Amino acid sequence: MTLHRAEKVVIITEKMISRGVCEILEACGATGYTIVAAGGKGSRNIRMTSERASVIDEFANVKIEVIVNDKAMGEAIMDQVAEKYFADYPGITYIEDVQILRPAKFEHD
Amino acid sequence: MTLHRAEKVVIITEKMISRGVCEILEACGATGYTIVAAGGKGSRNIRMTSERASVIDEFANVKIEVIVNDKAMGEAIMDQVAEKYFADYPGITYIEDVQILRPAKFEHD
Amino acid sequence: MTLHRAEKVVIITEKMISRGVCEILEACGATGYTIVAAGGKGSRNIRMTSERASVIDEFANVKIEVIVNDKAMGEAIMDQVAEKYFADYPGITYIEDVQILRPAKFEHD
Amino acid sequence: MEFVLDFLSRLITQFQSPTLGFLIGGMLVAALGSNLKIPNAIYQFIVFMLLMKIGISGGIEIRQADLSAMLLPALSSIVIGIAIVLLGSFVFSLIPSVKREDGIATAGLFGAVSASTLAAAIVLLEEESILFEAWVPALYPFMDIPALILAIVLANIHLRKTSAGKESKVDVAGIVKESLRSSALSALILGLALGLFTRPDRVLETFYEPLFRGFLSILLLVMGMEAYARLNELRRVAHWYAVYAFFAPIMHGLMAFGLGYIAHLATGFSPGGVILLAVIAASNSDISGPPTLRAAIPSANPSAYIGASTSVGTPVSIAVCIPLFIALAQVVFEL
Amino acid sequence: MEFVLDFLSRLITQFQSPTLGFLIGGMLVAALGSNLKIPNAIYQFIVFMLLMKIGISGGIEIRQADLSAMLLPALSSIVIGIAIVLLGSFVFSLIPSVKREDGIATAGLFGAVSASTLAAAIVLLEEESILFEAWVPALYPFMDIPALILAIVLANIHLRKTSAGKESKVDVAGIVKESLRSSALSALILGLALGLFTRPDRVLETFYEPLFRGFLSILLLVMGMEAYARLNELRRVAHWYAVYAFFAPIMHGLMAFGLGYIAHLATGFSPGGVILLAVIAASNSDISGPPTLRAAIPSANPSAYIGASTSVGTPVSIAVCIPLFIALAQVVFEL
Amino acid sequence: MEFVLDFLSRLITQFQSPTLGFLIGGMLVAALGSNLKIPNAIYQFIVFMLLMKIGISGGIEIRQADLSAMLLPALSSIVIGIAIVLLGSFVFSLIPSVKREDGIATAGLFGAVSASTLAAAIVLLEEESILFEAWVPALYPFMDIPALILAIVLANIHLRKTSAGKESKVDVAGIVKESLRSSALSALILGLALGLFTRPDRVLETFYEPLFRGFLSILLLVMGMEAYARLNELRRVAHWYAVYAFFAPIMHGLMAFGLGYIAHLATGFSPGGVILLAVIAASNSDISGPPTLRAAIPSANPSAYIGASTSVGTPVSIAVCIPLFIALAQVVFEL
């Protein structure tokens, strides 16, 4: 098998907006995504972990990763998420180069 | 200290085959690996998180990361995992360039 | 929006020293970080997951990620963490190139 | 004078009540930097268990209750929820250093209801052997939902006036739905339905009831730890939030006590019911309110309203309001 | 006719039983899109607790039981498990739209056993004051393991025939081991061993027994939520799965009822035991069966067999089969 | 001779005690490769519950206790904790294959105290109807903290001698603080404070006490699984650790039994109290000790001290020491 270039977009933000973020991903054409529970610290200076009792669970962090074939799609995702959420909600987003097998898996039919 | 090029192979798949995947990693010569619990959505259209009660826990996702010094070893891991599992089980795999300290740590004696 | 080069430093180590690692990050000037619970296997040959009852929870792994604008800062973090902890505690660290939006978010005022 | 002495002696006894003890214990544990932690899974399960118990008991009672007796208290609940939000928004609007939507969101949270405060009041009433209609805790959503909706509507009206840009309509039906779908109200309503439509008496008696008091003790521990942890956030916002959070529960409770008293005279609403209604009013939402507000008023600063509510409002409503209203009832109703 | 009326009236009562109420409640909660969630840690702990209780009670009873009385029911269990799989595989083989190994896997799951259904039957028998030998639930593995093994063997024979490529031998010993190592069977066997070899009466009476009914109520809530959630998957496969999943539990239970009746005549197997045996047969594995099948028959589509079992099979066996077999027993044994 | 027979018969009975049964069950479950798991959240909650119960009972009793009666046992605890560490460090220093700081850390862990062993002893004393002062379990920190501090001081003195490089001072106050902040000691002290300053009798009787025995059974299961899992680590270090871990608990317990006997003669310390003191001494820390040592003596090999303690020390102190000291007490005090 040969490797193909692709992009991985990562969004780290509050759990409570994860549904909205995933809707953006799908609207932009992503074929899937992976979510991991996270804690962290940022400009809002709140540490959030999901293990210890926290009265408001929705304010924990999640890390959402999405692999896309197409860098333009990746940038569109980043832009839309930042535009829609990052004025009011904590969060960061970045993109990385990766190499994948089976590029067809990451393309919409 | 100076940095050295290395590769990070990532495999996202069902928890229940994680043991098998790790055996492949070790057989290929990896010196270690890291596992993170994950949820996600893919072509099989199932969202899996491990936090909410799910009657069948083994169907949650895991993200397995392995750092290898040698790109060929990384590709071998990807090939073998895809070959053995990805016809029947959900999953993706990709590889990224990273830079490490202490390259000897990632080499088998 | 345009993308800007940045670096992501990753540190995988024991939960119990995560506080110390985060202090190093902040001392080096990082503006934030993200923590994810992890299990894994390395040279010390211990598998650690945080889901199953483990009498000593502090020995589970964590994966700490920090995005920095400045590669020198990233390397300083890696060096200090390795220097301070990796003789006595299990752990690895690596650095990756990423691209970010809003570079000002990752700079100290 | 005698009332004051009675209240003071009661307050001192209250400080020996384990209920309050666990709350204060939690604060101290957090303040002293302890690594003690209650796992999140346990916390979520405890909240579920408490609300199921409240719901099932309520449902069983509603089955046999005279529905007309519930009318006045239910109406009072709606009125109180709305009044609290209007009042609070107005008060905050007088303070220049408070952003308009932050004030409205805070008022909304104090109009809404806290399951932990409610559960603590139930246990304390049982300890004092003061009876109440088991359906009273089911008034929860009648105050909670109108308060949250009104706060969201007010905030949106305000935001639309200032930034003519976004043309966002307030989706009242959507907010009601989201509220009812929240884990707290879902558990309460599920319990109510099970109490109404099935015969869960035995599982209630052998499981949900015996564990109630114990689980509450742990929940209060968590609330105490959380109250301390959020103090930092409260410190970063105007101190007016703390002032409001201290006095508002007492005012709201007294307001509700008055309306409850009218229901007592009109339809024989029990003294215990009056106390509970006052506590519901005094309480402020700590579990399901914050995410609802956060989603619906994204530009409001959560540190302001959550800090005020969790760090000051909840401790005050548990430690001050519950004993105050019990003492008041004992004088008023000559218990 | 009278039997039909009796059964219908019983079914209506059953719908008021909290046991069923929690199951339906869970479905509604999921259907209405509620955010209510039972943490996974709690769910896993509850399953463990229920199986430990069943195991310990069984072990204590086996200590004093006449082992010869267990022989016939145990043999019946093995026979039933095997018969269900053979029958189901044959039925599915007649349906062209069903992939061969998907049908076999589904039949395997319906031959295997559900801990939650079993626990629900135990509570309902207690509610009806119908006695049974405490070792009957320990028949679980006698039906579960042969069914799973047979399904895996059949699937592999089929796959080997079609794709001569892979030379995979079926590792029966390995499958038995994996089954016994599954968390569900481990808990049951651990409980049995503790009941047999230690004197756990007090911890059983003060802990495992009092919590049984309550924990079951929560487990049924989870099963209801899961049943609804998996409906989507079921919809994506042939509707024959749903048809099978509806009728098979009733058939399997009646078959087992017949064999149990023979054991009753032959060795005095109790009426309650006959009912439980029928429920065990009617039930389908929802916890440990699916991963076993997934690992051993990777090419079978899990949406088919899990959807059929969790979304239709389990609700039918709890809501229809348990009251049906109780009513049947009351007529047959003149209880 | 009679004593030996009595002890042997007692040991055999003990193997039928469910307490020990769960411990051995856990080991077998792990040894057989079962997938059974107790979720971490449940485990942490159980430890919290057991320590809260021990703390609350102790606090209530201390409120009414004659404080002077506690003086001698408390002093004995400190002395024993220190003696164990000195003795152990000395013994290990004689073994060339053991790194100096590994030996000291191991001795520190055996000087410290195990909550699970303590809880098991409490249940077994209740089973034998042997009374003890409820404040005895509160001696825990009096032995635990001095032992850990001394081990850390000794290790640091040693390390400073060898590598003159790092000029690390031992921060005794810091270590005490960290110990008290550990989740185990925090829970115990919180419980003590609640017992002393509030009136938690009802929540104790309705919640913490009834669940004690059951939760202990599950904790012992976890300890058994952990004991087996850590055997691998133990195998990778010198076998002297296993030898020490086998004999040290018995020695330490006998030492403490002697001091307790003196307190019995001097101030009427109860026989049950003497047994508990001996068990506290025999036990080795399995929850809060290891992280404390790991943080304070980073160069010591955790496989050595955790393997020795969890895999051998804890099983020996539960399975051998508790019945031994009970039998001893029955002979000595003619119970």
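The letters A, B, C, D, E and F name the chains in turn, as written, and every chain counts its residues from 1.
In this text, a contact is a pair of C-beta atoms (placed from the backbone, for glycine too) under 8 Å apart; a residue touches a chain by one contact, two chains touch by 3 or more.
Only a predicted model underlies this, so the values are computations on that prediction, with no experimental measurement involved.
Student: Which chains make contact with chain A and with chain E at once?
Tutor: In this structure, the chains that contact chain E and also chain A are B, D.
Student: Taking each chain's centre as the mean of its C-alpha atoms, which one ends up farthest from the centre of chain C?
Tutor: E
Student: Using each chain's Cα centroid, which is most distant from the centroid of chain F?
Tutor: Comparing chain centres, A lies farthest from chain F.
Student: From the C-alpha centre of chain B to that of chain C, how far is it in Å?
Tutor: It comes to 19 Å between the two C-alpha centres.
Student: For chain B and chain D, what's the span in angstrom between their mean Cα positions?
Tutor: Once rounded, the distance between the two centres reads 47 Å.
Student: Measuring centre to centre with CA averages, how many angstrom lie between chain D and chain E?
Tutor: 43
Student: Measuring from the mean C-alpha position of chain C to the mean C-alpha position of chain D, what distance in angstrom results?
Tutor: About 40 Å separates the centre of chain C from that of chain D.
Student: Where in chain F do residues touch two or more other chains at once?
Tutor: Counting only residues that touch two or more other chains, chain F contributes 37-42, 44, 210-211.
Student: Tell me, which residues of chain C touch at least two other chains?
Tutor: 36-37, 50-51, 96-97
Student: Identify every two-chain combination in which the chains touch.
Tutor: A-B, A-C, A-D, B-C, B-E, C-F, D-E, D-F, E-F
Student: Contact residues on chain B for chain E in the complex?
Tutor: 16-17, 46, 50-59, 87-89
Student: Mind listing the chain A positions that touch chain C in their complex?
Tutor: Against chain C, chain A makes touches at 10, 12, 36-43, 49, 51, 61, 63, 75, 78-79, 82, 86, 92-97.
Student: For chain D, which residues are in contact with chain E within the complex?
Tutor: Going through chain D, the ones touching chain E are 39-42, 44-45, 48, 180-183, 186-187, 190, 193-194, 197-200, 202-203, 206-208, 210-211.
Student: Quick one: which bits of chain D touch chain A in the complex? Just the residue numbers, please.
Tutor: Those in contact with chain A are residues 37-40, 42-44, 222-223, 225-226, 233, 286-287, 290-291, 294-295, 298-299, 302, 306, 310.
Student: Using the touch definition up top, name the residues of chain B that touch chain C in the complex.
Tutor: For this pair, the touching residues of chain B are 1, 3, 6, 8, 22, 31-37, 50, 67, 96-102, 105.
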